[in-house]
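Here you go, one structure.
Letters are used for the chains, namely A, B, C and D, taken in the order the chains are written, and counting of residues starts over at 1 for each.
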Amino acid sequence: MSEQNGAPNETGRIEAFSDGVFAIAITLLILEIQVPPQTPHGSLRTALVNLWPSYLAFLASFMTIGVMWLNHHRLFTLINKKDDGLIAFNLLLLLGVTWLPFPTALLAEHLLGAHADQQIAALVYSGSFLALAIVFNVMWRYAVRVRIVNDDANVAGITRQYSLGPILYGALVGVALLDAEWCLVLSALIALYFALPPSLWSRR
Amino acid sequence: MSEQNGAPNETGRIEAFSDGVFAIAITLLILEIQVPPQTPHGSLRTALVNLWPSYLAFLASFMTIGVMWLNHHRLFTLINKKDDGLIAFNLLLLLGVTWLPFPTALLAEHLLGAHADQQIAALVYSGSFLALAIVFNVMWRYAVRVRIVNDDANVAGITRQYSLGPILYGALVGVALLDAEWCLVLSALIALYFALPPSLWSRR
Amino acid sequence: MSEQNGAPNETGRIEAFSDGVFAIAITLLILEIQVPPQTPHGSLRTALVNLWPSYLAFLASFMTIGVMWLNHHRLFTLINKKDDGLIAFNLLLLLGVTWLPFPTALLAEHLLGAHADQQIAALVYSGSFLALAIVFNVMWRYAVRVRIVNDDANVAGITRQYSLGPILYGALVGVALLDAEWCLVLSALIALYFALPPSLWSRR
Amino acid sequence: MSEQNGAPNETGRIEAFSDGVFAIAITLLILEIQVPPQTPHGSLRTALVNLWPSYLAFLASFMTIGVMWLNHHRLFTLINKKDDGLIAFNLLLLLGVTWLPFPTALLAEHLLGAHADQQIAALVYSGSFLALAIVFNVMWRYAVRVRIVNDDANVAGITRQYSLGPILYGALVGVALLDAEWCLVLSALIALYFALPPSLWSRR
């Protein structure tokens, strides 16, 4: 798919399958927002405003999946060889990605629910992201260790940026216990942070 | 993916991911049309006829997403380098594309509802298209500014055609306030306009 | 994507987008089969048997979409140049493909319903296939006329096989008026016929 | 897509379409897990715990589809020529893959239901996997027989590993008659077994 200059693209079909899963998971998020039904008294405006937890959850999860795709893309640009372990870690990562529409809908449904339910939903939501951040780190470190990473890759910079993932999402789990709405807003901000190019980290 | 003659295809995986999102969003539209359930007295014909707002919304949104894909495809044919800003704008564009099944179902549901609800639904529908037209323009102008566009690209022609987007969709928002059905019909006609090849504009 | 030997693959991204739409439409079919809910008295076996119209409709539509993909694939192997008219016809074809899950679910729901409803559902089902067969023919003839077809293509053989499409699906519309179940079974058989390689027709 | 070193990639578009179907089927699995609705008394924790059959079915089916994709990928790496019979067998395989979200949701729904329903659901689930294992074997043997397999392919090793598929899934059908939960757990373990690289088998 990408980078076909000279050398064969060994990871092409893994990337194509992963792209498919990322693209579908990110697009399925919208199915979780229910269209308010017709009512005789024309209260659609209110009904749409009351859906704000769904919009916020849609946006935060879109950003998170989008940025994960971005990092997956950057990562596989640096990986030059197919490897059975890499494929296994990648499937684990995709398991997490296909799972995300569920916690997204769960948090949207319960963001304004009973307090205990808000907490549980936010824990499942932030916990899912924490698990994905850990898998991303393990996969990257594995790729570095088995030497399937390009020589010119900024290994230290990427490792530094990725390392912050479990820390930030671990803190998000803590926030989930306190306030589900802040948990959602902060998850969007963390996604923005990971959208920054890793070159920023190497320059430090 | 496309254009692999000689130079490596730098934007390949961005296009593959975008193609996936466009293809899924355009195919999910059909899920919004509910199949009329069995009834003992055989009234399916009437039930199917009464679904015309859903067919019209399906058609208008299919055309709009299809034509956006077409323009995305044309645009990336002209872009010869990967760029972090381009990827960010592209994710913003895809956010809008994945969002579209929601306003489509919303307008279909409320096209024959209370007048105030028709208005709200048509505003959300046309406003979503306006936002996408603006993102398309900003992304194109950005690509031109950071010089990742091919030398032989018809920059002036494309800029002229795209500029009309926010104007036409802005007018559509005005129509939405007056008549939801015309808003739907006109959105299909605007899609047809953007399906025209930009070469027509350069010949003027 | 395919055929990258020497010449650049001009139709690559059209094929990628079309593959995506075909793949999603064919996979969404399963969402139309509702899982029977839990009951205290354990009647799942009967409930599953009673779903046979859904299985049959799933199978017939899977075969039809699968074989349309096959023919789309064969056709684009023979087309060597991108063309705006071709892209427009292709979008029209994809409109039909994304539409198919609706008539499939419609016929499954009403196959055992009131007789008038069976007829309507079978007419919508067979009529959708007839429209797609016509678009396929028009697209192929257009591609031949604007000379974007490979010199070694078996034009006469393909034209002959495709011509039978509107005739067979026209007859299917007639069958729909008489018997919805036969309409479904015959649509699967017609799909099998179009799965045959066109080389069989040229040898006559 | 993959392996473009020198020779043209004849099976590229078959793989792209198959990747799409695998990616969509694996991602649709999550739609089957229903989000528990809001309740005034905050019982989400219990509701989520009670969904464990859905999580288990999601995980087992994700693993099975993921590992089937892996084997499909390995298999097509070894196949060097397009063939009409191969395409037909591949469509049959994809028919099975698109079907899987249904038995997955069926078993999740009835895993804690009436005993007779558990049995039926587990039979449909394991029987679907058995059918897919048979199709995989038939397709591989066909490819070997019509000589479209690379000379350096480890034919004996793959044939040996694949042969175990129908045996293991046949045994799973037997387990389904006895205990639906064990059937689900064992299906995940069988998936793990098929994730092992076939090179392990050739070394014996």
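Heads up, the rule we're going with is that a contact is a pair of C-beta atoms (placed from the backbone, for glycine too) under 8 Å apart; a residue touches a chain by one contact, two chains touch by 3 or more.
The model shown is predicted, which means the values in this text are computed figures rather than measured ones.
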Chain whose average C-alpha position is farthest from subunit A's own: C
Type of subunit C:subunit D copy interface by residue overlap (half), same or different: different
Between subunit B and subunit D, centroid-to-centroid distance (C-alpha), Å: 35
Subunit A-subunit D separation of Cα centroids, rounded to whole Å: 25
For subunit D, residues that touch 2 or more chains besides their own: 1, 4, 16, 20, 23-24, 28, 31
Complex contact set, residues of subunit C against subunit B: 1, 4, 7-10, 12-14, 16-17, 20-21, 23-25, 28, 31-32, 84, 87-88, 91, 94-95, 98-99, 101-102, 105-106, 109-110, 112-117, 120-121, 124
Subunit B - residues contacting subunit C, complex: 1-5, 15-16, 19-20, 22-24, 26-31, 33, 35-45, 48, 58-59, 62, 66, 69-70, 73, 195, 197
